[in-house]
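Take a look at these structures.
Next come two complexes, and both contain chain A; in the first it sits with chain B, in the second with chain C.
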Partner chain A sequence: MIEGEGFWKFLERQIRVIIARAYVRVVGMNREPSWMLFDVSLPVLYLAAYLFLYKSMNADETFMGCLVLGGSMVGFWMNVLWGMAGQFYWEKEMGNLQIFFLSPISRMSILIGMALGGMYSTIIRTLVTFFLASWLFHVPFHVTNIWTLLAVFFLTLTALYGLGMIGSSVFMLWGRKGLFLTELLHEPVFFLSGFYFPVRILGFVVAGIASVLPITLGLDGMRQVIYGGVTNIIFLPVGTEILLLGILTVLYGIGACYFLNVMEKRAKQDGRILTRWL
Partner chain B sequence: MALKEILRTFKSALWLSWEVETNWTSPFLYFLYSVIRPLFSMLIVIFIYKVLAYRNPNEDLFQFLYVGSALGLFMLGGLGGLSTILQDDREHYATLKYVYMAPMPFFVYLAGRSGTKVITSAFYMAVALIAGRLFLNIPILQGGKGICLFLLVFVLGLCIIYAAGFLLVGISMLTALHHSFFMSEAVNSILYLLCGVIFPLSMLPGVLKKFAQILPFTHWLELARRALLPPLSLDNGFTGISTPLLLLIFMTGLAVLSLTAWGTFHYIEGRARRKGLLDITTAH
Partner chain C sequence: MTPAVLTGDLGRTFTAKPFGSKSHKPVTVTALSHVNLEIPPGELFGLLGPNGAGKTTLIRILSTLLLPSYGKAFVGGYDIETHPQKIRSLINMVSGGETSGYGMLTARESLWLFTQFYGIPYNEAFKRIDYLLKVVGLEDRANVKLHDLSTGMRQKVNFARGFLNNPSVLFLDEPTLGLDVHIARGVRTFIKEWMKEEEGRTILLTTHYLQEAEQLCDRVAIISDGKIIACDTPDGLKKLIPGRIRLELVIQPVNGRTPSWNDITGLNLIEEKEADNEILFRFLLNDEGIVHHIMNRLVNSEARILSLKKHEPDLEDVFVAITGKKLCDDETAEPPEIPEQ
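Let's turn to the complex of A and B:
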């Protein structure tokens, strides 16, 4: 807060920051129509390969549905990794990070703006991928309770982007090391969170550990609501998952505030805010 | 152009690429990093198989799937790594203009600069294949059969990765950063879908199957599978075509692709130079 500034003025400024940062993301996505085409078609191509594999093994509709949902949701994890956690690296490289630090704005507001803008574009991409893959491969779905679905979906996103904010604090200190770490979080997370198969298959212990990633619980919960026949392969009841996602949302939100402050302080002490290419 | 000059350029560029890729950590951690990714990639396909085949196991399909995924790590990883090199140097490190002005063959530099990514992809494949042989009892190169064919196919695999990679590098000279990224991803996705990496080509609808059957990458995968595994009872679209004939078809495709890549690369290089695109920055 600036000295002498009231709470409401402070809040208004932060909301303006959030809108401004989200605006850049949304406009950035729409300024080149071909990007939208690529954004939508590329995940469908990858997903189609897995769907053909499932078909070659005579998988039933429930499993195909689990795959369609998981494959569509990959975009969120990639967005959290590269659009949230890794974004501070690129801001540092372009010289924006120092401007953020000089401005009288909260780092959290910038990250919330990034998250909202990223969510908007990724939701569109995910929905198109989901409906297109379901249509092309004749995978039926039936939402049993829209409100439960929305609750699981948005709690998953808030917890997930909170985790992304914690990840972004790492880039205050790390440069390329952070980028490689980000790359390392592709396949292991795809595996542990059950993007391509129900997470229950991994057993309760592994699935329980993987539940620190909100997408694990989110995918399992959404599969239960969208595909009724998954009763024999569910990990936890959807109500429990909603509760856990709520707890994760709070924990990761607090964690993000804490780590951003700690890492910022350390980065300033070590002189890492302005370093490039390291 | 003297061979000595080519070798020196390649060696220097390879050293540079090794430093860029690995000097962020210790060699041990880099080794761990290099093992974890392919390991989890393979675990994904193993568990997909485990989930779907517990009632009706099909060993041939599992071998097809596992070996195809391992080969895909090399083929697609190498290609993906190569096609992004130019953008890295031009946009991120902003060194391309200095490299271009240096007295060395440009394409040899690019070949060396992408060397670590191609080598890493080959390492991923080796890790996956060895793990499959040791822990899953997949009969990969059982009794040493097919090792000569596999070595030949591996070298030809490097050739096709570089040929297709140079085609993409050439095109990316004319494009902005984001377009190059999408182009590379698009090519990888299409090859992943159409080349029979994780499922037999017989699953594809008619037109797509016919198109897939003329792609040199599909021929390479089929040849590599034939070298690594005993004959499988799956229809991958090449039943009745002998291995020597398939090799000939592949070599023809490789020659056409290489000539196209060579011509395109040099044409675009001149065009990019005339248009002043070699040092353009289109934002990270």
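Let's turn to the complex of A and C:
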């Protein structure tokens, strides 16, 4: 907040920043609709391979559902990893990072704007992928409670993007090592979060540890609601998962603010983080 | 009256690992050393110094991107350490040679995004954007995506960005770096006009082009190795070296014999260029009497004098006289063409 500025004026400015930064992603998607084609067709192809295998094995339909949902939600993990956690790095390359830190704005507004913009385009992709895959491969779904579904879905996203925001500052502190870490994290997370199978299979302890990644809880919760009434794949009851996701959202939100401050302080002290060539 | 910029004993050091060296012992680099500056509102203040002198470091401290190692700095009367957000609402900064924005957005949209950082309403924002795009000569490219613009054009968009919020203190770090001669000229003209447009606007401009400092700035500080070694109006600075004159001599050596100058006291050889059996010497003389010694040496060496010109000293001569160093270490770096006034 700028001294002498009222709270509402401050809030108005932050909302402007959030909208402006989110706009970049929305426009980006609309201007390059061909991206959509890749972003949808690749996951669908990937899913097809597994689904044909499952079908040939006469696997239970709930397992196919697991697969379709997981495969559709992959986009969020990719977006958080590359679009959120890696974003400050790219902003620096584009010369924008320094300008953010030169402006009288809350840096969180920038991150929130990025997150909302990223969510918008990823939600569209996810929905298209999900319905397309369900239709193509005849995987029926039956939503038991739309409100529970929305709650799990949005809390998963808030917690997940909160984690991404932490990543964006932490990666700046780590420099290039951060990018290597991103690549390193990629596959293990796919596995641990149970994108392609119910996480319960990993056992309670591993699934519990994997639950620090909101997507683990989110997938498990959403599967329960979307493929109505299945019980054989459940890790935790949906209610518990909603609660845990709420807690993760708060924790990661606080963490994001904390690491952002640490990063800014460090940047101002050693003068290397914000500028492109240092 | 509150100074627009005030620094007290400001200093900054960096520790860096020596590049390419095997030892891991970090070295300490002094970027700024005990800087005291006071810039009143309404002044176009220049900071002139060679590469590595500490100009960018000072700008980054004043624009709240970097903390000093010691000393104090105030912008618009606010302490950079305790009131950075307040300062940010008053300032803007442009580094020459840099670009900003998003390739997917048009020039107009990118600039709109930056206006939102200052809470500028929609209509007002686009009015300023269109005006500034015209200033940098991009009105016909306003709706072209940034990644379809050349680097030079993107630099101009970034230059326009600095003026979006009508800053009361504007930091321009080598604003004409890398620009074409005629665009650099336009930029300088605009900077002057912008200062006149509203009373009390302040610019701190860094440059290593001495003519730029001389032509544009009300006052100039000369910085070298992190220290401000002189600070005055351009004319005032020249008075620091009274009686000095500059000579430009072109000769044709005979039998390969060139005169030697090094034992003449009060004579400072600034430049020596050889081409097509002609040699150009640029001297800075402590007083006119030294011309006599030069002529003697020429006679002894039997060289042919092709031309001999006498000049009033300029800021570069001041720089050389005070630091004993040249301003431009890069021989090929031509200073920008300055328009006739």
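Keep in mind that, in the parts below, the second predicted complex is superposed on the first by the 271 of 278 C-alpha atoms of A that agree within 3 Å, B and C clash if a C-alpha of one lies under 4 Å from a C-alpha of the other, contacts with A are read in each partner's own complex, and residues count from 1 in each chain.
We adopt the following convention: a residue touches a chain if its C-beta (ideal position, glycine included) is under 8 Å from a C-beta of that chain, and two chains touch if they have at least 3 such contacts.
Quantities reported herein were computed from a predicted structural model and do not represent experimental measurements.
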item: Clash or fit, chain B versus chain C on superposed chain A; value: fit
item: Which superposed partner A:M94 touches (first chain B, second chain C, both, neither); value: both
item: Which superposed partner A:R13 touches (first chain B, second chain C, both, neither); value: second
item: Touching partner for A:I105 - first (chain B), second (chain C), both, neither; value: second
item: Partner chain(s) touched by A:E187 [first = chain B, second = chain C, both, neither]; value: first
item: Contacts of A:I201 with chain B and chain C, given as first, second, both or neither; value: first
item: Which superposed partner A:G271 touches (first chain B, second chain C, both, neither); value: second
item: Partner chain in contact with A:E3 - chain B first, chain C second, else both or neither; value: second
item: Touching partner for A:T144 - first (chain B), second (chain C), both, neither; value: neither
item: First, second, both or neither for A:F52, with chain B first and chain C second; value: first
item: Chain C versus chain B - closest C-alpha approach in the superposed model, Å; value: 5
item: Chain B and chain C contact sites that coincide on chain A, given as residue numbers; value: 32, 94
item: In the complex with chain C, residue positions of chain A that touch it; value: 1-4, 9, 12-13, 16-17, 19-21, 23-24, 27-28, 31-32, 94-96, 98-105, 267-271, 274, 276
item: Interface residues, chain A side, partner chain B - complex; value: 32, 34-35, 38, 41-42, 45-46, 48-50, 52-59, 63, 90, 93-94, 175-177, 180, 183-184, 186-188, 190-191, 196-198, 201-202, 277
item: Contact set on chain B toward chain A in their complex; value: 24-25, 33, 36-38, 40-41, 43-44, 47-53, 56, 58, 61, 65, 92-93, 178-179, 182, 185-186, 189-190, 192-193, 197-200, 203-204, 283-284
item: Chain C residues within the chain A interface of the complex; value: 14-15, 57, 60, 63-67, 83, 85-86, 88-89, 91-93, 98-105, 109, 112-114, 116-119, 145, 158, 161
